[in-house]
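Written out below as structure tokens is the structure these notes cover.
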Amino acid sequence: MSEAKPKIILRTEGLPDQRSIKTYVDKAEGYTAVRKVLGGLSREQVIEEVKQSGLRGRGGAGFLTGLKWSFVPKDMPGPKYLICNNDESEPGTFKDRYICAVNPHQVIEGMIIAAYAIGANKGYIYTRWEFQEEIGYLETAIKEAYEAGFLGKNLLGSGFDFELDHYSGAGAYICGEETGLISSLEGKKGQPKVKPPFPAVSGYLGRPTIVNNTETLANVPWIINHGPKAFRQWGTEKSPGTKVFSISGALNKPGVYEVPLGYPFESLLNDEGGGMQAGRSLKALIPGGASAPVLTPTECEGLTMDYEAMAQRGTMLGSGAVIIIDDRQSIAELLKVTIDFFAHESCGQCTPCREGTGWLNNIMDGILDRSAKPDNIERLRTVSRNMGGKTICALSDACAMPVMAFVQKFSDELHAYLAAGSGSHRQ
Amino acid sequence: MATGIIKVAPPPEDKNLFQMAYGYASTIFAGMWKTGVIFFMQITGLEKTNTLEWPEQPATYSERFKGKHFLTRRDDGQVRCTACFLCATACPAECITIVAGQHPTNEIEKFPVRFEIDILRCVFCGFCEEACPVDAIRLGPEYAMAGAAGDKWVYTKDYLADRGQLHGGITSVKEENTKHFTTDHNPRGDDLIATDAPHMRHH
Amino acid sequence: MSQESQVTQLPKETITFNLNDRDITVPKGTTVMEAAHRNDVYIPHFCWHPGLSIAGVCRFCLVKVDNRPKLEIACNLQATPGMKVSTLLPEVKEAHKWALEFHLVNHPLDCPICDQAGECKLQDFYMEVGKYKSEMDRPKVLKPKALNVGSELVLDTERCILCDRCVRFEQEVTKTGALGIFNRGDRAIVGTYPDKKIEHNYQDNLVDICPVGAFTSRDFRFKQRVWFLKDKPAVCPGCSTGCHVNVYAKPEVRTYFRVKPRESAVNSHWMCDTGRKTYKHLNQDQRLRFPVATDTTGKRKRVSTAEAVASLVAQLRSVAVQDVALLVSPQYTCEEYAAFFDFFVKKLGVTKVFQWREPTEKLEEFDGLLYRGDHNPNTFGLSEALAKVGLPKDVKNGFDDLARSGAKLVVALAPEIGFQFPSLESQFQRLSELPFVSVWTTSAAAYNVQAFKHLLPLKGFAEKRGSFLNYQGKVGELAHPFPAAVDDAHDVVEVVTAVADVWAHAL
Amino acid sequence: MSVFSESLQAKIQSFLTRYETRRSAILPVLHAIQDEHGWVSEPQIEELHHTYGLDRVHVKEVISFYDIYKDHPVRKYQIRYCKNLTCHMLGAREAICRIKEHITALDAQLGEDGPFSLEEFPCLGKCDGAPVMLVNKERVEYATVDRVDEILAKYAPLPKL
């Protein structure tokens, strides 16, 4: 079935010299959408197209992109900004890195269109520092685009200016949160800002700002070229289009795969992922990055990869980071790793998150060195429940949700680990 | 003779004087004999006496007796009191005067520069003992506090913490709550402040 | 101050919303927290401060809004028409419980040695919504304590709850930005740049706005537990701004301990560190304890107030009125000036009236926030009073004129705040060279000048009723006096009345 | 006398004007400094404060907030080893232990001049190559315990364990 698989994002994948503007223009109808838009589409029309397509943010929240764009005040004087959120730090996620490595120009084209739609004349691509190679690719791509005249003043004689610059993060998960990213871009600590006001009204330097995920923007040119209807031919009613999934774990072929939304998990695991490594079986599944609640094998039966099916099972598609947990893993250790990550990455602004993540981590230490009392395992849930939904950004929920799921679904193993000494099959 | 509820014993009619004298004398003698025997037993030490020769012989009271106050010490010999003023707050007789100060060493932050108890005002209610969060003050079994005019009725910190009867002071075994004065991830840990004991007036 | 101007310039249109089943009408754009604050509904909070911008980080002011899934923070929640807000629902209380628990997870049990104890928000809320059985049974995060971050300040980063108030104060009020929050997560600590100190004249405001005991005042540190103190409203005599303040004292020991700002249109929520030192001169060790006069042999001795007054009147009779001069410092209340001039100028007809000012003072100086170059609380009032009795009201130091005037008897109202008068000693010297000077003063300094033959102890600003007129002529009321720390002290009104009586009867 | 090289000064200047606000330049400037010196020292912060108008408190906040910036001297090769879910599942823990052993051995010989430093890093975003690590800026995939030795040997001679 893989030949029937549509390519919206990774269109230049596998082609010779896939990153270059030449390949993009020749082989993937590159920059035709920009021509179309600047050729005579109005801003409202562009936004309408995207609205119609039902494109949802691919960064994790799954918010409707067109709707987001329409929040930008139309006739507000002064600069507006468009930011591409390429700070992909969610553990298990690496799709944006791959997109930048395969087809960076489509992201840039998407940005030009988005910028035109919201009336922004300055754009930034904010990439995490760890992606050194990909930062290189992006910078060359931007250079190529400038040389080809798709960036800069008066694009294609339309009178529309768009300057695009690259900005590199410095190792902070929280900068993936849009207001945190904006703070970071302003040269501050990457601490999220209180909302309201929302960035669409007052973001970067207090100006209207739209922050979109790399993959989201990469969808835009295709939608403009082929129209919303064509886009909706894939995916489900509420989650149209394709999604780039990054699959990792003890698989034969971990990697990045673009499939339509609503794609069955079975085939994703066995066809794309190449199935579990020999001698290992599925113990649990994290479908949307470290912050998504874990699923047991039984819950995975008949699971389709789309926003609704995930919500139905009390978890989320997130950034499409599918982490396969095999039977050799100790849940206690994985839980520690997860909590430790969030405790390390909490920006320290809101008390429930700052103290809560630290407290959870503290308890996990006790469980790992077995100094903790059994009631501490239930306490993990109590604390999580009370730190969720009370903070500026979603990081405390991102920590609370997986913890509650892990403890609820694997409490026996955790208790065994604490009591017997070893819940791990490794030792 | 009234017969009724009350029966009155008849007077000894058939007793002559000698019999009566014998009766009295025998009882008197019996009493003196008893006394004599006990006297003899006790001076010869055959029987234990129930009184003691105070003040030559000291009387010891129970540990829980609320007598003269004393201040406990840490393991390092420092007075444990943190000068939190809770005893002074609780004291119904307002007999405790504390002057707090910054301790020169960094392990201890606040300590009593002066800690005085006006024993003439004290009512030995033991509230100070109850109020103390760090087991720094206790009321001990010492009860003898008589003295002459001109004696020191205001007990000073040194006296409360270390007087002859305390044999070098009582150490409280309460575990310290951790203090953190090291310089790790502390840009300027060497720069800990040391202010002088604040001056305080009293009327 | 800016905050005040905002309050006055709010838009006309108002909206009405419902807070705890009570309809409240506020200007459009007001947050629920402000609305509650202005209508005396208390919503517990740490990071919100009426004088600072909104941070929304303590997550403590959670309230329930009808038909909204999540609890929201009142400090960043705009009141909209018809909105129903509740702070009393069980779910809100539960949220507060846990919000507090999170604050206390790594908070050290320093209350016995913490100066904030007694006025600490954590303690207050703990009594209200505390989880009396904490679920935290793991070792706490340790952070540096008792750091020297400024001449007036001691910082304890372990007690800090990272409410960010101090950082915002540094950025928004003093614009010095000396403080920052470093690291992240539960390792975050507040502090200055390594080896840099906070240097401005408003440090103690950090102590005031700190909701816990992280910042403590070096001056007040360990001196008293706050629950022993009584506070009474007064006006700061430190400069012509006349900040509204509360004076804290322990009457049983007749000792003053500190001065703190009181919210008002004049000074918003702040005051300078100089002003906070204006309690020191009120304490007995710096006060003139008793009246002094000379006996027949001309030797100084302690006398009763009556005797002192009598001897002054005798002196007054012995000289001609034109040889009498008045030397008045601008640190007394309007009422005192009125009484003083009433008797000496109106009744006796004294014409030689001079101002006792600091020669080095620079009147036009202003630090841009509160502290002014005119270090007297009532320059304005003095000028008014002078004008009322038809004397020149212009502000100038009258010492030279006094020397030239050839006055034989001088009645001098000495400055109360000695440390604002660098040249006080030399002035005393010059004054003592005159034939007869009656010095009315609070401070013991005058007593040490042997040449002064006649001294009258006065009450300090916290011990008398009256009013100051600040640089704008705004009235600052002294309405709630403490009992004087010195038995024989009286205010000028009382003394003048006594003098007038004796004068009248002696006729 | 500047603590920065000519080229670095030029770089910093260009960043200061490149963004809307001077403050936005803090991150790129610090990256530039670290690329040359490996870490950011207090004299450098002072110069940024006085010569380039980047407030020292802001700079210090940023350095302490982000993982990448170091305010203390670093080794020749900084190893950042991903310890997150996927890498952990595929043997990060054992590899990290192995690397630690090597570093202790090296430090025993060379002390502070040891070539490697190890940082257990939250996530490197290369889970399909797990376990993965960064040596300075170079990404090394499949850095399992049995390959660690040869990988490290490429950078510096290792003593026998």
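Residue numbering begins at 1 within each chain, and the chains themselves are lettered A, B, C and D in the order written.
Criterion: a contact is a pair of C-beta atoms (placed from the backbone, for glycine too) under 8 Å apart; a residue touches a chain by one contact, two chains touch by 3 or more.
Nothing here was measured: the structure is a model prediction, and the numbers come from that model.
Peer 1: In terms of C-beta pairs in contact, which two chains are most connected?
Peer 2: Highest contact count belongs to chains A-D.
Peer 1: Report the inter-chain centroid distance for chain A and chain C in whole angstrom, where each centroid is the mean of the CA atoms.
Peer 2: About 55 Å separates the centre of chain A from that of chain C.
Peer 1: Provide the C-alpha centroid distance between chain C and chain D, rounded to the nearest whole angstrom.
Peer 2: Computed value for the inter-centroid distance: 51 Å.
Peer 1: So, what's the distance in Å between the C-alpha centres of chain D and chain A?
Peer 2: 25
Peer 1: Using mean C-alpha positions as chain centres, tell me how far chain A is from chain B in Å, no decimals.
Peer 2: Each chain's C-alpha centroid was found; their separation is 73 Å.
Peer 1: Out of chain D, which residues touch more than one other chain, so two or more?
Peer 2: Answer for chain D, listing residues that touch two or more other chains: 58, 61, 65.
Peer 1: Which chain B residues touch at least two other chains?
Peer 2: none
Peer 1: Give me the residue numbers in chain C that touch at least two other chains, ranges are fine.
Peer 2: Those would be 139, 181, 183-184, 187, 193-194.
Peer 1: Under the stated touch criterion, can you name all the chain pairs that qualify?
Peer 2: A-C, A-D, B-C, C-D
Peer 1: Contact residues on chain A for chain D in the complex?
Peer 2: The contact residues of chain A facing chain D are 79, 88-94, 97, 122, 128-133, 165, 167-173, 184-190, 204-205, 246-250, 254-256, 286, 290, 321, 323, 325-326, 328-329, 333-334, 337-338, 341, 344-345, 347.
Peer 1: Touching chain B in the complex: which residues of chain C?
Peer 2: That would be residues 108-109, 111-113, 117, 139-140, 142-148, 154, 158, 183, 187, 189, 191, 193-195, 218, 221-223, 225, 227-228, 253-255, 283-285 of chain C.
Peer 1: Can you list the chain C residues touching chain D in their complex?
Peer 2: That would be residues 177-184, 192-194, 196 of chain C.
Peer 1: Any idea which chain D residues touch chain A in the complex?
Peer 2: Result: residues 18-21, 23-28, 30-31, 58, 61-62, 65-69, 80, 83-86, 88-90, 121-128, 130, 134, 137-139 of chain D touch chain A.
Peer 1: Which of the residues in chain B end up touching chain C in this complex?
Peer 2: 82-86, 89, 100-102, 106, 109-110, 133-134, 177-183, 185-189, 191-193, 195, 198-203
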